[in-house]
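Quick heads-up: structures coming right below.
You will see chain A twice below: alongside chain B first, and alongside chain C after that.
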Partner chain A sequence: MLVTGIKSKPVYAPLQADTRGRYHLMLGMGVGAAPLLRVIFEMQSAAARVLKNTRVLYVPDGGSATPEIERFRAAAVGNAQTFPGTPALLEEFRSTLARSLMGTRLYVAGTESFIGLAMKIALEFNLNKDEIRAEECGTSARRVYCIHCRATTENVRTNIASCVGCGRWLLVRDHYSRRLAAYMGVMVDAEAPGELPPLKEMFL
Partner chain B sequence: MSAVFNLHETFRDDFSYRNSARAIRRFPLPFSEDSYMYSVNIEPHLPGPPGSVTEFAFDVDEHYVAECRERAIVLAAEPLRYQALPHMMSSQWDCLELIMESLARDYPTHFSLAKQGNRWHWINRPLQIDQHFTFGDTATLPRQPLDYITRQAQGDFVVMDQREGDLWTEAGMVTTQADWSLDFDLGMTFKEWHGPVPLAHELGVFDRALKFLLNLRLGQPVRRLNWTMTIHPRLDTSPENYPQWGTDRATVTAQNAGDLVHLRVELQGLWRLPRSNAIVFGIRCYLVSLRELATVPKWARRVHRVLKDLHPALVDYKGLTRYRDAAVEWLAPFDDGSPTTPGTAPE
Partner chain C sequence: MNDAQTIAVEVIGIEQVTPQIKHFKLAAVAGGSLPVFSGGSHIIVVMQGADRIHKNPYSLLGSPQQLDTYEIGVRRMEESRGGSHFMHDRVVIGSRLEIAHPVNLFGLDKIARKHVLIAGGIGITPILAQLEDLHGGGVPYELHYSVRSAEHAAFLERLRRREGDRLHTYYDSEGQMIGFETLLATQPLGTHVYVCGPAGMINHVIATAKACGWPDSHIHWEQFSAPPVGDAFEVFLARSKISVQVPPDQSLLESIEAAGVEVPYLCRGGVCGFCHTRVLELDGDLIHNDHFLSEADKAKGNSIMPCVSRAHCKRLVLDL
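On to the complex of A and B.
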């Protein structure tokens, strides 16, 4: 169950300033603010002018909104916006990509699920792998796609989870789809109905 | 081959599928020795001996009509078992051409293809289809080209687009699969798609297979065999329908294993496609019950030994955990310990 053993989970370039890019689009949530600020400080010392062409879209954790967004603004980032939740941020991300310019670099920092959802949209717009950087931080809770009813259950932290769509207990397989931004969930007691393994916290 | 089709056999409910004595003798046993481990067992897809499953590009056998009917049943309930990303249309026509030309050439009593420029006339006698259409014009066919032609073929088909030094699973007809999902895997790279396979990544199998396939040439198709086991002659062992077939695995005993447990062999063929430069990956499934298999003494001994000593990770991955011991016990009386001759021939 080691994350490194999952062959279908993509590996992204580590988050660092890519000053060859003309525009820099940063997506962050929660503790993802820290790595994004680290990149911004790198830019400040390397090529401060690129900060004018840098845009940050950010979903704060409940409560601590002001300090982080203020830090982005204090760092002279051209444009920093907060969003009440991931869906609103992704909607803005999608419309930004729709009118995006050549030479844009994408930086994503947040949970595995957040990165996955952002990449799903990047994939729809055919962004190249070398235009994308991502850093995982925060919870490794999984999005799980039920292969039986096709519903997606969010924030799964345990080895098995009850599907929000069909109620079956799903085993979370180590098989990841970028297109669906989710792991595969398969009925765990299909061979012996009612025989469930003990519930264990796995993805914290 | 002048196949007589088993018109009424089924792969669900009463499972009336059976192999004739001739079908058993030509069964593609995947074990050339008494033990098994993964390897890049790819070879040129050259014509095999008359009557063998590799005599022609695509093998049409006694199960043809029943398998096409089974595919239609699956698709009626789950249309997403066929999917193609929009940029795959050129490769869809490539596939249609490959399958129609092969079938018409190799089985002229069953299929014909006449061409006048782009105006084609296709006749499929076993399925009673007579279709005029314009090659390249999707509006002249009742379905997308890949959907249309693979409903008239045995086995699953996956089309892989080649770009960025990788192969991308981006179209397919998958209704007879061994526990993998096209819906989930659509859009994956070659190694992502094979992610769940144990051991083989570490053995470098997929590195070498990918490298080999990226250089696959037009007109030089290749093939390999793969295998697993299935309870009942059930073609649709998809993860989607695992809740329907999973319980079967718990019903096997050493007494009924001969009839319930089937060796499931995939004859996998890979062809480079001319216009799209994509690769079509045909996965043709053959099923034989242990009782049918045991009519060939050499095969009974060999399969008994392979199953008995199979690597635990493969037992788990192939889903044999609950019934492997029962199958081994059922086969044991057929194994007197005498040596088997090399190769897979029935002896």
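On to the complex of A and C.
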């Protein structure tokens, strides 16, 4: 089967504080608040100065203000901000990076799609592996890039999905592109039109 | 690397650019173009001295676009074991030398958003070629060049003409110092720093950058150590089954080569790691002078970089 055996699926490790950095920028969504708070507590024991230079950008589940933001503030992170959705957060992330100085560490906690989108922007600013930490949590729904019409379908949880751009049924591959922050989707019934494998929930 | 891969060159220009630095232009004896290189590369120059062969690394300082000549700058070392004195005192226009193909251990990061170049004294040489690579590239950069005094600032006219206000000079004689802390604490994300100069300066830049939170992957430095002199000792090469005497003023690598045994190398300055050799037996101490092995590896004492390191012992057995 096409889905297996491709090694480009990104693998992320649990987040850890890197107190060698001078500034700490954290991006999170939904249940990603927990790992970020864990890092913040780790930093609290390391050095007080660090938290002054920590900034959190966060998308709560459901999009409205939640207890998480209070917990960030209670943990002495002065600068925690919520966003109604990922696009708004990423916009702020991009303009923050444009103003940021060397010495910044990036922490990302959220779904694989969220991490992928953040990484894509980080790459534009030449952040290297030793400046970024990411932890995957929440749903493993995929962003799928249609290799036929180049549209990207968000939140795909099934083995095959209908492309938002061209309507073709796409097989979701394990082939991940960092540049596109998406998995490749290939037309599944090219050889026998209309013959689809059974729909299965795969990326929950 | 072995001598079969060297290129015969002729010295076609010599200029004394500071009281201590001579600038040499080399062209291929066979005519035509020399091998392509990128800014930051060095070559090994092979010099046939009266009683021994010297092989010293020198950075290429000319434009990578101009391959009819290679340019190097050689500082006359006070405690030279011969190489720099040979270049200064014996080499004249028309002299022939052998050189090894260029190798780059100090290249520019291709996707950096900004470059900060820092040179101390003769350390300007690899950076001159890096600057050539940066011209017209659209990526912002700045050069901080520190020297003893104006008279010791090699290639200053060339730099002023080409770099304009991207050049910042600092003269020790006038008490001017690079403000490393301010410089490194205020760089935009995606900046890379490159430093070449005296050991103290390099260590200071690395330490300051790290204190400012810079990750290793954005810090680049080049420092070729000249192999220091030391006590004489004897080494046994286990695979070749020969004993070699290492005199005080010859490096371990040079002594092994003189005995006819080849060891791979790229830099001969303790940087590249190519000459890494296993130590099989030792009844004393290794004196590590390289920048390649980690402190932990140095402490283990089971390997050595013979291009710059020595031993203080009665018996040393190497896996060669």
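Some points to look at:
The rule is short, and it goes like this: the second predicted complex is superposed on the first by the 191 of 204 C-alpha atoms of A that agree within 3 Å, B and C clash if a C-alpha of one lies under 4 Å from a C-alpha of the other, contacts with A are read in each partner's own complex, and residues count from 1 in each chain.
The criterion applied here is as follows: a contact is a pair of C-beta atoms (placed from the backbone, for glycine too) under 8 Å apart; a residue touches a chain by one contact, two chains touch by 3 or more.
Fair warning: this is a prediction, and the values are worked out from it, not measured in the lab.
In the three-chain model built by superposing on chain A, chain B and chain C fit together without any clash. Residue contacts after overlaying the shared chain place A:G116 against neither chain B nor chain C. In the superposed model, B is the one of chain B and chain C that contacts more residues of chain A.
Touch criterion not met for A:P60: it reaches neither chain B nor chain C. Once the two complexes are overlaid on the shared chain, A:I147 sits against chain B while remaining clear of chain C.
Panel annotation: after superposition on the shared chain A, the angle at the CA centre of chain A between chain B and chain C (CA centres) reads 60 degrees, nearest 10. With both structures placed on the common chain, the touch criterion links A:R178 to chain B but leaves chain C unconnected. By the touch criterion defined above, A:G30 reaches neither chain B nor chain C. In the superposition on chain A, contact is made by A:L101 with chain C only, not with chain B. Overlay on chain A (Cα): least separation between chain B and chain C is 5 Å. Residues 109, 111-113, 184-191, 209-210, 212-218 of chain C are the ones touching chain A in the complex. On the side of chain A, the complex with chain B involves touching residues 6-10, 123, 145, 147-148, 150, 168, 173-180, 184, 186-187, 190-193. Per the touch definition, chain A reaches chain C in the complex via residues 20-23, 97, 100-105, 125-131.
Residues of chain B that touch chain A in their complex: 181, 183-188, 191-196, 201, 239-243, 245-247, 249-250, 322.
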